[in-house]
Structures are given as structure tokens and as C-alpha cells.
């Protein structure tokens, strides 16, 4: 490799987004992981916790308070909400770029943020500065950003599914329905009865129907994209699989006349230059397994004969394009690498 | 048991609805299974195919053409579509009651039926006579019927979820969305690549988004229930579980004023006398496992803060309330038994 | 029902053996559940925790210290190890029969027990008195016992699989191999990272290969059955399913001449009068799903052409014949009911 | 890339080993896939069948009879048994190297082969010539071979687990027990009732207990490795997961004195130079998920306190080290590439 390797730190690497970052970065030719933290596992080998990394990551967990973080070129926060906002100001001051995989910098309206996350924000100025890390919308700003708010998993699948129609101005903006289903790794690697195999296996349910944190995040992104207020019904469900998000999106066209719109062509055009959005052949039904382990979002728009609704199907791997993969994509942009480095592998099927 | 046991025949008992009928009827105190047919397995012991029935069903598969069927009091058809309509006229003439678990008698409009099922109907008169076997709507007609069209699995979950609002006249009838998810046993016990564990496991997808046979069945039932045309967007999805259907239903209230409607109380009142519909405590999220192996439908209505839609969650076991259990419920009504006989067992959890 | 209903108490009913006891007893015609305890959930409705019981169990959790327990005819302990031995003496003194589903009374050698369970026993006398609740061995003693040590899940599957050969004296007693696999509900309903769907799903592993508590329990039972010391290699594995145990047992015949032994006939004879042991047709491979939700143990003995070992396959539902179902079977015997009451249902398949 | 890309053909690429070959080769920098055949799908785009390959494989399925195959440098047969032996002689004559992922060239004794595979062999000479493609045994011969018999999935896991002890001469060679468990992708991508999610999901069973084709393959390899006859009990089981094999191996040491042997150190030494065999830290229990999607075999030897048997645990991904990955490893050796090219990725966890 020509050139100097960039030094990367990961704070809170014991969760699923953390181990997924490690998996993806392990084969990245332009970075070295120099620092992996976990307050409760200091001194433990990383590959003792995650044996898939044996032979790839030769590190032990360090204390997140260490000054060593400030020697990194870029730090990922794969921490619970509320942690990144405590440490980010010092890191930025030290010239370290930051990508937060949690939600600390996603919501611009601080009252809305506090309502949903139950905290007062520690650094409101940085919320304003942070760039929402969806490259399909903000690629140029990401390249020069110091601080990235990496999007939520559901918001990624839903936003990419709706973006072509939202920006074209052809649908009702206050009557959108996002029926979303997530694999259980989205609930994190915490000891919890509800996500035991014995509880969540061989079953299916909705949750948080009366309100979920990702609803305002999606509404904000879509409103910014089209310049008008957007409201949506957002219903998340828990799938008895490990990885994968499927969003089923229902929108209403403004005028019946619009039925002449060629949905398929419009979606293909819109995303023709995107490396990680794939519009499937007309009439397809994307499967979550077709993106498992991959950074790809696969989409199919439909206009069924009954029901007077356009239906868009959108799938991602919640841990990749919905978290760690998108974070690496953002890192590539921020550090001047090819955007797709370490992210071009076929999905694992079957 | 006092009284004479009724003789029951099952045509096509090698599929999942067939074995589920056998499981439920095995402990029914007022019937004896006298005849189980499978054209391709004549002479094979039933419990050699389904070892769970060892000790309960001491029968071999017979030829469905046998005259012996006409000696039954009641015959279930657990056959592919298009079989029951061939044999039903003769059985009815012989005084045998018939319950068809397939779709031969569900759709009253013969053109619509032929469009979706790709056949010309063999006995249109009986379509007109057949009673749609959803006891929560047609209990009295079922009691005296000769021929029952046992409802589809999705239609059962969707119709029970929508019925209170539909009949009250408080929602838009042409803008209903039914996002439905089914366990894979709904696809039947056929050799098929798409339903292999290696293909459907650890994955999730929509299917038949552009049109599914259950859409006109649901529209017909809801229209009859409210006396007006009903249109709905119907999107089925395939869950990587064996049993269970979850319907997520989105409806729009006619007037904002209606927001004062107490959804929870209205649903509880509507179903207060139904043995197999259970309205969960306010704010609940029914899980499919809470009805696994049981004939219960569990429902929770919600009015989320965002999105301006009422959301109703409805779960059933597709093989029980969505097929064999509802068929036994109908049989109980037709033969004058207590409606709940052989159907009152707690769901299997975990 | 003629006769008086017996009063039943369940201590620690928030785990999987507890809810399974409730499921089975809910339809038992000769008992009423009068008392269900959970120290940490006092006042909560039982069916709020386990919605499958809605309409069947109209109780709230009580405090286990209550005197009310002593008014029961029989009390089940579905508690962690070490609890039953604290409360059992007082209950027995009050004339209450006790069935412990944990391991407090299973091991007769107190040193062995203390070694594996890490406690000093609170009532050694009762260990001596307790009857090991495997009806296939101890049916008569169970009928008159005050105190039953309900067998472990693995020991039930392994012991029933080996019993015919062990008692016949035709195999090497110190070279038995039990390779066992259990569904994850055997690990209980505790918040634990290792049993999350994201950790245990789509994976398989052995555990406790260097020593597991069920090894001495099995060795004790087999030694008592044949009157000689028995040693075995016991390797448990974790299956990514909810219910089911599969034991694959390898034994070596004493003399080659014994190869003339008709294994199939010998097994069928041995268990010909047992209601809950089913020897499958020769050459069968029992599936765990063929006993799911049922109290049946299904067994197939094999003598493969290669390898010089007899191989016995044995399956149970770990929560039924491996725990709550066997406990109800024992209760039926202790209270003078028909042994099979509330336990004769076909397994749930698929 | 310096140098000319080698041309690769894949015959029968519609099964799981085929799509896995495509996934692995898609990112291999020194080969181009020039030819993919499927008799029944001629003209269909490969990525229409396997959407995970969209953007990676821009080919349609060709007819396997085409002369074009003979222009390849190397051809993989990912076909059912009995196909490769028909086409291999012509390809070898044309100077094409061949790797057969099926069993046509694995068994040196033609009578044994015919007994288990039910065919007469079409080219016995090539059976003698073929090199068994387990690099850990035959690395040097593989480098110069024209024809490779790629090992079976079970044989790979079992052989690698036993090799250190077998070659050291410290165990009984006629009393080995291999209790093996395979994910269901091992059964292939064929329409089959037994491998439906509804049949194989949430269940577990042994199969082919009375005899399985992989038993003689393992016995042959172990016998060749130690120079003496080896017999083993081999019991395969079906896991309700997609990928993964777990072998639990029981061996008996020749002399008790050998108990002083440091198993862990011996295994670590034996495999110290192998890139794809990983001996886990002492006392570990390898999980199949720790090798999912990876070419690694992870092993832990144990000497439990009870039972007088050494127990070795060995896991692989049946589609990678057990099939396509090992085939690519062999290809790398045959074509003079670095042995690990395209195979060094961390396993996918979770």
C-alpha cells in the first residue's frame, strides 16, 4: 500500500455495530485500527469476545477515557445514546474526525431530540454542525465534515425508498405509511428477556406503535429533502432473524394523472450513479437475505392494481448499510478514499 | 360420552391443514374420524407420515373416490383449490355436510373467482348457497348450512381486525392498508425451492405485491359487512417462522372529531361475547406466539401520535383460526355441539 | 366433575417450567391452581406476563412466603436450585406434597450434590426420602411419596434411551457416550447475552464439555437401575430451537454374540405398557418436533453396519417430559388420578 | 493486476456450492469467471437467480455441453454425483484442470464407491490419479494435480479434528465416534419436502444412522494418514440452520499413561502453519457462527473428567471450508496463487 495508514479508534466496540465495524475495517487497506475501547472489558482481547476476528484483530479493549483516542485520525462511536456527545467536543478540538453511530447528532431540533432521548444535549452547537451521514443526500458535505451523524437503520431503509418520489413532488406528504420490520440484532447485544431466542424466536410482533424515535428522524430528513413538512405513520416490527430490515412503504400520488409516471424508470434514473442503491428488475420482491453482510440497499417500486397506493419495498442489512457499513462509507468519503473501499463484497446467500 | 359419535371424513389430509384437523379432532369427544384420503398415499398409515399422531389416529389413507365418504356426517376438504367443487355436489346430495378449507366457495362473484383461481367453476349454484364460515359474522347461518366456505388465513386476521371500525361507518372505505405477514406453513407442504429452510430462513420479503387472491376475498367480506364498496391495499409478506399471521392495518377516520372515539372500549364491546377474539389490554402489541396452536385471534387497536392513522394489530395461528381450528369451530356449530369443543387450549408459549 | 378439586400451588412460576405447568394444569379437570408465586412480580396478573394464558388463569402472582401455600394439597417448585430445600420441610410438615422441578433432591450423594451445585444442603434427610420422579422406574414409590425430585431434562431423555440395555446387562457400563442436544428454553427465562436470538440463533455449539451437572444424575440413575457402577461421557450442545432434546447414545455390546439380540423387539417389549414412551418403527429417526408440546418420549435403537456400536436415538420436549409434563404425570400418580390426565394431546406438528 | 487472469468455468452453478463459488471468486483478483453452466437455465442471467451477485457477476447460464469449457484454465464441477466423471476426461485431455466438488473421485476403492453411489464409475483411471483436496494433508500433490477430488463437508470437519491424534498413534483406531451435525444447506437447493422450513425448522433429528456415504470417505482418509485400518461410528444430524457443521468426536487413548499428553499444545503445534485451521484457547467451545462465511476450521480438544474419552470439537462452514472455499483454496494451489487469496475475510458474526 502506498501512503500512510490512517489511525482509527472505536469507542464501545462490544456491541453489534462495533464488531461489525471491526469486521469491515479488518480488511480495509488504508486504515489501521489502533484503539478499541470498552469500559467494562479493559484488558480483554477483542477476539476472545468475538472469535470471528481471530487472526484479524490483534488488540485488547482499552479504557475510553484514554488520551490515546486523540491520536487517532478518526473515531467511531458505537456507544449507547448520550455518550458521543460527552467526548466529541474534545476530540474535534484535537483535530480528530468523529462518526457517531448512535443518535446524539441526528435530530436538529433539540426539543424533539430531548423528548425522544430523555436527555438534555451536551453540545448543541455540534448538533448544528453535524452532517447527516446519508451519502445519497449529503455526499459533498460529508467529504469535508468533521462530525457525522450516522443515520439510524430504519431511517436509511425508509429514506432511500421514498427519496425519488419525495423529491419529485408527486405524492401526498402527510399520508405516508412506513411499515418496517427489523432483524433482532437491531435491539443490540444487551442481556434482555425480550430478545432471547426463546422469546423472540418463532414469533413476530409490532412494537412502539404509539411512537418510535426513528419517526422524527425520518420526517426531518424527508422534509429537508423536499422543502416541505412531511408526516408519516411509522410502525416497526421485530423479525425473528438476526440481520435485515424490510421497509414496506405506502404513498398516495397527488393526481390520478400521475399514474402514467414510469415508476421503475424514475427509480433507476434517480439512483443510477449510486454504488450502494440497487433498483431491482421491475416487479421484483427484494429479500433481506439478498443484502445480508453487504452495504447494498435494494429497492422495488410497485403500483398494485388495487388499493390506489404506490408500494415501495426497500431492504438493507441493518448492521451494514443501516450502521457500520454506512459509517465506513462515510469514513471513506471523509478521509479521501474511494467511497466503496472494503465494502464491495457480494451478500452472503444462502 | 353419551350420544352417538358423528362420522367425519377428511379429503386430502397430507397437507398442513389436514394434519392440523387431525390433531384437533383427535381429542374431540363427539366425533370419530372415519375416513382420511390421499390419492397418492393409499394404504399408508396416517401416523407414518405424521408421527405426532401415533396413538391418536389409527387409520390408513384411503382413495378419495370411495363411496365411503358419503357415509360420513361431515366431510372436510383440505385439498388444493378446484377439488372440492368437483366432489361437493354428490356429497350434499347424499346428505353429507361439507366444509371446504380451500377457496372454491369463498368468492361470490364467479368472474372474480375465475380471474384469481384460473378455473371455470364447476357448481355456481353452490357458490351462492355456501356460507362464509367466519362465525363472528355468520354464526346463525353457519348453524344451518350444508356447505361452508372456510375463510382464508389472511382474510380471517384482517377481517376480524377491521370489523368493528368498518361496521361503525367511521373510516374511509377506499383507503385501507393491510400489511400482512404469514408464517411459511401457509405456503403448504409442497416440495418447492422457495420455501426451503435454506431459502426462506433468516430472510424476509413481500410477495404478490401486484395482486393476491385474498384481496378480493377481504374486500367482499368487508363490503357485505358495511353495505358499501371497500377497497384496500393488501401486501402479504413471508415470515421465517412456521405458524402465525400478523396483520398491521392502517385506516383513516372520516372526521378528525372522531378522534374522541374510545377505540379500546369499542373493540372490547364489539367482541365481548366472542370466545375466540381477544382484545388485549390497551397499548399492547400482540405476538404471534401468543396464539400459536390456539384458535384465538388477539387484537390491539392503536391511535399513534403521528401519522394521522389508526393502526390495528391482529394475530392468529394461520393453521388454527386461519384454517383447521376455524373449520372445527364451524363443524361444532353445524353439528350442534358447543362451539368451543376441542378448541380450548392455551397457546403454546414459549 | 365429581369429587373435590385438589388445590395446587406453584412457587416461581415466571420461568418456562412454570408457565408450562400452568398451560398443562389449565385444562386438568381435577385440580385448581390456587396459588402462583413470584417474589419480584407480586400483584401482577399472571396472564399479563404470559398472554397465552388469558382466559385460562385468572390469578395474580403472590409472595412465596405466604402461609397460603400450606393450604395447598400439592406444591410445585419451579424455582432455581437451592430454593425448594428451604421451604419443603415446612410444607411437608403441614401435610402438603411437594414436587421439586429443580435439582435439590435429585442426587443422593450429598458431597456430589454440593460439588456440582455449590451449596450445602439444607435438609439431607429429605434427600434420602425423596423419590426420583421417573415413573418408568419408580411408579409405585411415586404413588405414595410425599416428596418428588423431578428428573432433569437430559437425564430423562438419556435414561429412557438406555434403560432397556442397561437393565439387561448386555453392554459395557463404563464406556457409554451420550451426545445430547437441547433447545434453548432449557437455559431458562433469564436475561443473558449467550441465549439472545442474535447470539444463539443460526449457530450450534457444545458447552460444559469438561463437566455438567446432569452427568452424575444420569450415572446415579443408571447405576441404581442395574446395580453396578456406570460411567459415561456426556456432552451437551445448544440447539437454535426453543423446545426439544435429542440424545444420541452410543453403547458397546459385551459380546459380539449379542449381535443376535433383536434390539427393536427388546425395546418394544420393555416399554410396551408405558403411556409416554413410544418405540418408533424399526429404522426410524425421531424428530424433536414429533414430541413438541407433548409428554411423549420417542426412541429408535439402531445397530449400524460400521463402527461396532449400538446407537439409540431418544427425543423429548424438554419442557414437557423433561420438566412440567413429567411433574404433572407425577402429580397424577401422587394424587390418585389417572396417570395420563391432561397429558394426552398430539404433539404440535408442524 | 499484473499478469493474465486465469479463465474459470463452473459446471452446475445453480446449487449452493455453485453460488458460493461465485461469491468467493467474484472478488478474486487473479481469475475471471468466463463460463457458468446450467442445463435447465440456459440464457437466464446468473444474478436473476442469485440477486446477491448483482453488480459482481455479469453472465448468463450456458449449456454445459459447449466446447467453450475446454478454453478454461480450470473448471469446477458443482454438480450432482456422477456428472463430473462424464466430462472430466475430455477436459483433462484439453489441458483443463478440474476440481470436482461432488464425490466422483473421492473414494479410491471402486467397489466401495459403487456401493454407496449406486453407479459404475466412468473413468476408473482418473480415480487413481485424482488427488484428495485436503491441503492440510496433500498440499504438495495438489499443487501439481490435474484433477482434485474436493472433500465432503463432514469428512473435512471430522478429518481435521482427528488428524493430530490419528497420526500420533495414541488412540484406538477401531473405536472412534463421530457425532456430526450439519446445517441444512448441506442438503442442497432441491425442491424437497423434508428440507422445507416448515418441516426442518424448529426441529432436530439424526439421519442415515445405519450408513452414510461420508463414513467410508473419512475411514479412507484417516487410514491413509496413519497407515492402519480405521473404523468409526458416524452419525449425521440435521441442524435447523443454513450454514455450519459441528463435529463432536470421541476417541479412546491407548494407554492411561497418555493422559499426560498435553492435548492443547499438541493440536496447536500440529496446525501451527495452517492458514485455515485455528485451535481455540484451551477449554473453548467453538460455535458454528464463528466460521460462518469463512474458510476457517476451528477446533478445541477436551479431556473431560468423566467418561474416559477425549472429546474434540470441530466446526466449519459446510459451504466454505466444507465445499466452495476449500475448492478455491485448492484452485489457488493448483494455479500457483497465494493459497489464501480471496479467502481471508472474518466470519460473519452475528
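The first chain written gets the first letter, and so on, giving A, B, C and D; residue counts start at 1 in each chain.
One rule holds for everything that comes next: a contact is a pair of C-beta atoms (placed from the backbone, for glycine too) under 8 Å apart; a residue touches a chain by one contact, two chains touch by 3 or more.
Just so it is clear, the model here is predicted, and its values are computed rather than measured.
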item: Most distant chain from subunit D, judged by the mean position of its C-alpha atoms; value: B
item: Repeat of the B-D interface, chosen from A-C, A-D or A-B (over half of contact pairs identical by residue number); value: A-C
item: Pair of chains joined by more contacts [C-beta pairs], C-D or B-C; value: C-D
item: Chain centre separation (subunit A, subunit C; CA means) in Å; value: 46
item: Rounded Å distance, subunit C centre to subunit D centre (Cα mean); value: 39
item: Centroid distance [mean C-alpha coordinates] between subunit C and subunit B, Å; value: 36
item: Residues of subunit A touching at least two other chains; value: 16, 185, 189, 198-199, 201-202, 240-243, 286-287, 289, 292, 350
item: Touch list for subunit D against partner subunit C, complex; value: 174-177, 179, 181, 198-199, 201-207, 209-211, 215, 219, 231-235, 237, 239-244, 246, 248, 250, 252, 283, 285-289, 292, 302, 304-309, 311, 313, 315, 350
item: Residues on subunit C engaged by subunit A in the complex (per definition of touch); value: 16, 184-185, 187, 189-193, 195-202, 240-242
item: Subunit A contact footprint on subunit D (complex, rising order); value: 16, 19, 22-23, 26-27, 48, 50-56, 185, 189, 202, 242-243, 278, 280-281, 284, 286-287, 289-294, 296, 298, 344-350
